[in-house]
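Quick one: the structure is below, and I'll ask about it shortly.
Labels for the chains are A, B and C, by order of writing; each one numbers its residues from 1.
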Amino acid sequence: MTIEVTMPQMGADMVEGTLVRWLKQVGDTVRRGDVIAEIETDKATVELEAFESGTILKLVAHEGDIVPVGDVIAILGEPSESAPEVARKPVPPPAKREIEPEVKAAAQKPEAVPAGRAEPAEREPEAEDGRIRVSPVARKIAQEAGIDIRGLRGSGPDGRILRRDVEAAIAARGAGAAAAAPEPPAPAARPLAAPAPALGEVAELGKMRRAIAHRMTLSKQTQPHYYLTLDIDMTDALEFRAQLNAGLPEGQKVTINDLIVKACAIALERHPKFNAAYSEDGLRMHERVNICIGIALEEGLIAPAVLDCQGKSLGRIAQETKDLVERARAGKLTAAEYGEGTFTITNLGAYGVETLIGIINPPQAAILGVGAVMPKAVVRDGEVVVRQVMKVALSADHRVTDGVEGAGFLAEVRGVLEQPARLVL
Amino acid sequence: MAIMRMRDALREALREEMLRDERIFLMGEDIGLYGGSYAVTKGLLEEFGEERVRDTPIAESAIVGIGIGAAMGGLHPMVEIMTINFSFLALDQIVNNAAKLLHMSNGQINVPLVIRMASGGGSQLAATHSHSLEGLYAHFPGLKVVCPSTPADAKGLLKRAFRDQNTVVFIEHTANYGLRGEVPDDPDFLVEFGVANVMREGTDVTIVGYSGSVHQAVRAAQMLEEQEEISAEVIDLRTLRPLDIETVVRSVKKTNRAVIVEDAWRFGGFGGELAAQVMERAFDWLDAPVARVACKDVPLPYNRNLEFHALPSEEDVVEAVLGMFKE
Amino acid sequence: MTTDIQHDLMRELGAERLGLFLYQMVLIRQFEERCGELYTKGKIRGFLHLYTGQEACAVGSINCLEERDKVLTHYRDHGHALARGVDPNGVMAELFGKATGVAGGRGGSMHLYDVEKGFLGGYAIVAAHLPLAVGLGVAAQMKGEDFVTLCIFGEGSVGEGEFHEALNMSVLWNTPTVFFCENNLYGMGVPFKASLSTEVPKLAAAYNMPAVSVDGMDVLAVYGATREAVAHARAGKGPYFIEAMTYRYRGHSMADPELYRLKEEVEEAKRRDCIERLKGQMMAAGMLDEEGFAEVEARARAVVEEAVEFAERSPQPALDTLFDHLYKE
């Protein structure tokens, strides 16, 4: 019977050794206790003794080889025997702290909990004091977006409301700024409601209706609004747009709303307090200009934001808005587009509405209501002429700005739209 | 009930326990003829004699080691480390022998030993003599760590320590020695380990302290009530191992805010452990991050003003609480 | 080679008792050599310090003790456990980390315990057990018991403060403690002459403790000295100090390349081998022949093989016992 000589463990942290030198050769007889090789560990060169007597039948490892602890390096036996084939294994990766499977499997009794050792965190299904489980970040986002967390269902452990739950609620809320918009139809995600209730009964509030009710109430209760209206002569802007679109293929054309978004972006950069949010700690002056626009979908009206309008060209804004609309229809908006708007434009011009006075979408500082562009008789240089006129109304948070600042902001918007070349400067 | 100072309450505990159990004896530097550096053992030499009240050489490691050996031999020794600052010299005995023998011998050897130490800064003794190491000892599984804040607790906890089959590190804040309070004279009066004491009930914030810092917590709670109309609950942990986290968590679930006060350094201190456990167990009940009021991370200087500036004060506690209520 | 005093001692001890000493030394030698082999095969892990060469110290000293006496020792502790009669199966199983080990697999090579046998442990922090031995002496005194504590340590301990603290207090309090220093000449790789400015017994003498130095390769010399020391301590005369000059044949631990000494020095020490010496003495006295010695070796081999087999087939400690014995109720 042959005997395997293996790379020895020569220290608590040794995982491999280098075979420096064989002191015996094939055919040599060794006695227990004889030094047969020199092994180099990380720390030192040590002598390897034979623990059995016999004749060396084979030297598996060669001088200079690095061999994992426990691997066969030589075969001893009777001179008449032949050595079996031994495959050299590759050096294993660093050992992992692994518990032997059978020991692990045997562990069934629950761990004893001795004095001084913390028990695993307890998990009550319900908060006994009616407190709502909500993560700090979710609470913060909900607060900023004016979402009432009491209406939410948490998807985290034990029903904890997480960031994703609040973001979903913000998305479901749809066009918060569409306060003046018609009642949005029920979102597709919601199961089809029962047939319209009969008159004289109480109609159940949908999730979106609830969200709008809550947010608009919050806005009107906490944000003292002031309102400024202004006529903007859009004649040149329409001409400008027509020229632009003349050279553009279908699908890249610029809309009136694009012009207004761009004009607002310019005005917001010059009047950053309209791109801010009020808090007790102070005004949060947003770096990003994220302008929300209403998009009518089959299932309802939502108001996602065109992100980072600051510095973006009109063409880029037009393109991104188009993309935003397409993705909104495909249900592929991002959380930021849902939840990180900083200013809103609400436009019912297409419905022929002349003046739209919006309710601010909290925690934003202002909303611009846009009416239809209509031909109007105006006095120009002492003469009555017909011009294309659009009424805009600014609703602004009086805690953030005063009327005179609002007037400045509106004048800026008008200035840009009445000198449309500024839209592409 | 008698009104007595904490040092007298501790002495009463030692007396009563020595009368009850003859296996108990005392060892330490200057505990006999001198009467104890903080006069805790005053008069015990006269009452119990030299065999049971032993003055030792200045050799902290051997004092604790001999205590461990005597405990292994069937006695229940109390060794006094004059101040906690000298316990560094005995750290190996405490950590490698007292705390580990039971587990490492697979239950064969237990070490019923009481190690008393005087702790804390604030006495202008400068950096080497002003340590607060309760949290350090609480770090080691196998030890029990007790740190009373009132005379009654001092007596009941010390008596309880002699009923324990394990090593109890019993830490006394020097600022508390002169503290007066009612102390039960019942010889069977014990204060159980692992049961925190709600010193003061409140609804708005939970202030947790131990050892000397409990009193800052209580004074801060009074200031908050009188000046800010904030109702603070104050919890004295009494023992850090075993730790009564239940009482703390229950309180935090009520108040939704927690402030931890300790004399030890903030960095890596016991307060961090406590904050983590509160976070793990009361996360959904917190209205604010857990606040820590602790010693500034600097060796304590001799100069009175500098030392007081480094140590936590009740004003610091008030400020920490107000920070949580800022809108 | 054999002095008159030793002749008297051999006569007094008789063939049976001397045979036990011889057997124990052979058992320890074979046990340790087997441990070395098992370590290279990864069966024994952690640190392994072999006692090979020093057997006479453990066997000569521990056999002076009564059942009620206590032994505390250093981390090169297999030999002491075996000499004290601790079950070799339990020792080997401990080295394998098995549940049946003397410390349930929690201690390993450096931390063996058997309280029932009065074997109060191997201590892996140099000199940390010296104060404990004094404390056990205090316990004996206060409880009115006459057990003696034998405290075994290496000469590397004498640089530690606890060595001096313990010796001093032991004399001050007159405890029944026998301090037994196994001087194997090297604290890991540092020759003791490079780490001590005087001689070991002088340190004890400085604390007014009686101290002797004996040939630790001679089991009879060790026995004779320790017997006197134990009697001294038991009689209430206080502590006693023995230095036994010995030699370890193996490295400090398995990882030791032994760069600090010459092979010739090791070979020289082996010529004073304690087993060969007692074997020769017993043969000269007509108490043993080659056949008898072969029988001793075979018996020891069988015990070691049984221990290995026992350790091999013993179960691993269950994971749910992790927190056992953290605190005693």
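Keep in mind that, in the parts below, contacts are C-beta pairs under 8 Å (C-beta built on N, C-alpha and C of every residue); 3 or more make two chains touch, one makes a residue touch a chain.
Computed from a prediction, not measured in an experiment: that's the story for all the values here.
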Point out which chain occupies the most central position, where each centre is the mean of Cα atoms.
B
Tell me, please, which chain's centre (mean of its C-alpha atoms) is farthest from the centre of chain A?
C
So how far apart, in whole Å, are chain B and chain C when each is placed at the average of its C-alpha atoms?
41
Distance from chain C to chain A - Cα centre to Cα centre, in angstrom:
67
Here the gap between chain A and chain B, centre to centre from mean Cα coordinates and rounded to Å, is 47
Going by the contact rule already set, what residues in chain A reach two or more other chains?
115-117
Contacts with two or more other chains occur in chain B at residues 141, 144
At which residue positions does chain C touch at least two other chains?
324, 326-327
Listed in rising order, the residues of chain C that touch chain B in the complex are 70, 101-107, 111, 113-115, 120-121, 123, 125, 128-143, 149, 161-162, 165-166, 168-169, 172-173, 324-329
Show me the residue ranges of chain C that touch chain A in the complex, using the header's touch definition.
37, 39-42, 45-47, 253-257, 259, 316, 318-320, 322-324, 326-327
Quick check on the complex: what are the chain B residues that touch chain C?
23, 25, 51-52, 54, 56-57, 59, 61-75, 77, 92-93, 96-97, 101-110, 141-142, 144, 165-166
Under the definition above, what is the set of chain B residues touching chain A in their complex?
138, 141, 144, 193-194, 241-243, 245, 253-254, 256, 277, 280-281, 284-286, 327
Per the touch rule above, chain A residues touching chain B in the complex are 115-118, 121-122, 127-129, 131-134, 136, 158, 160, 280-281
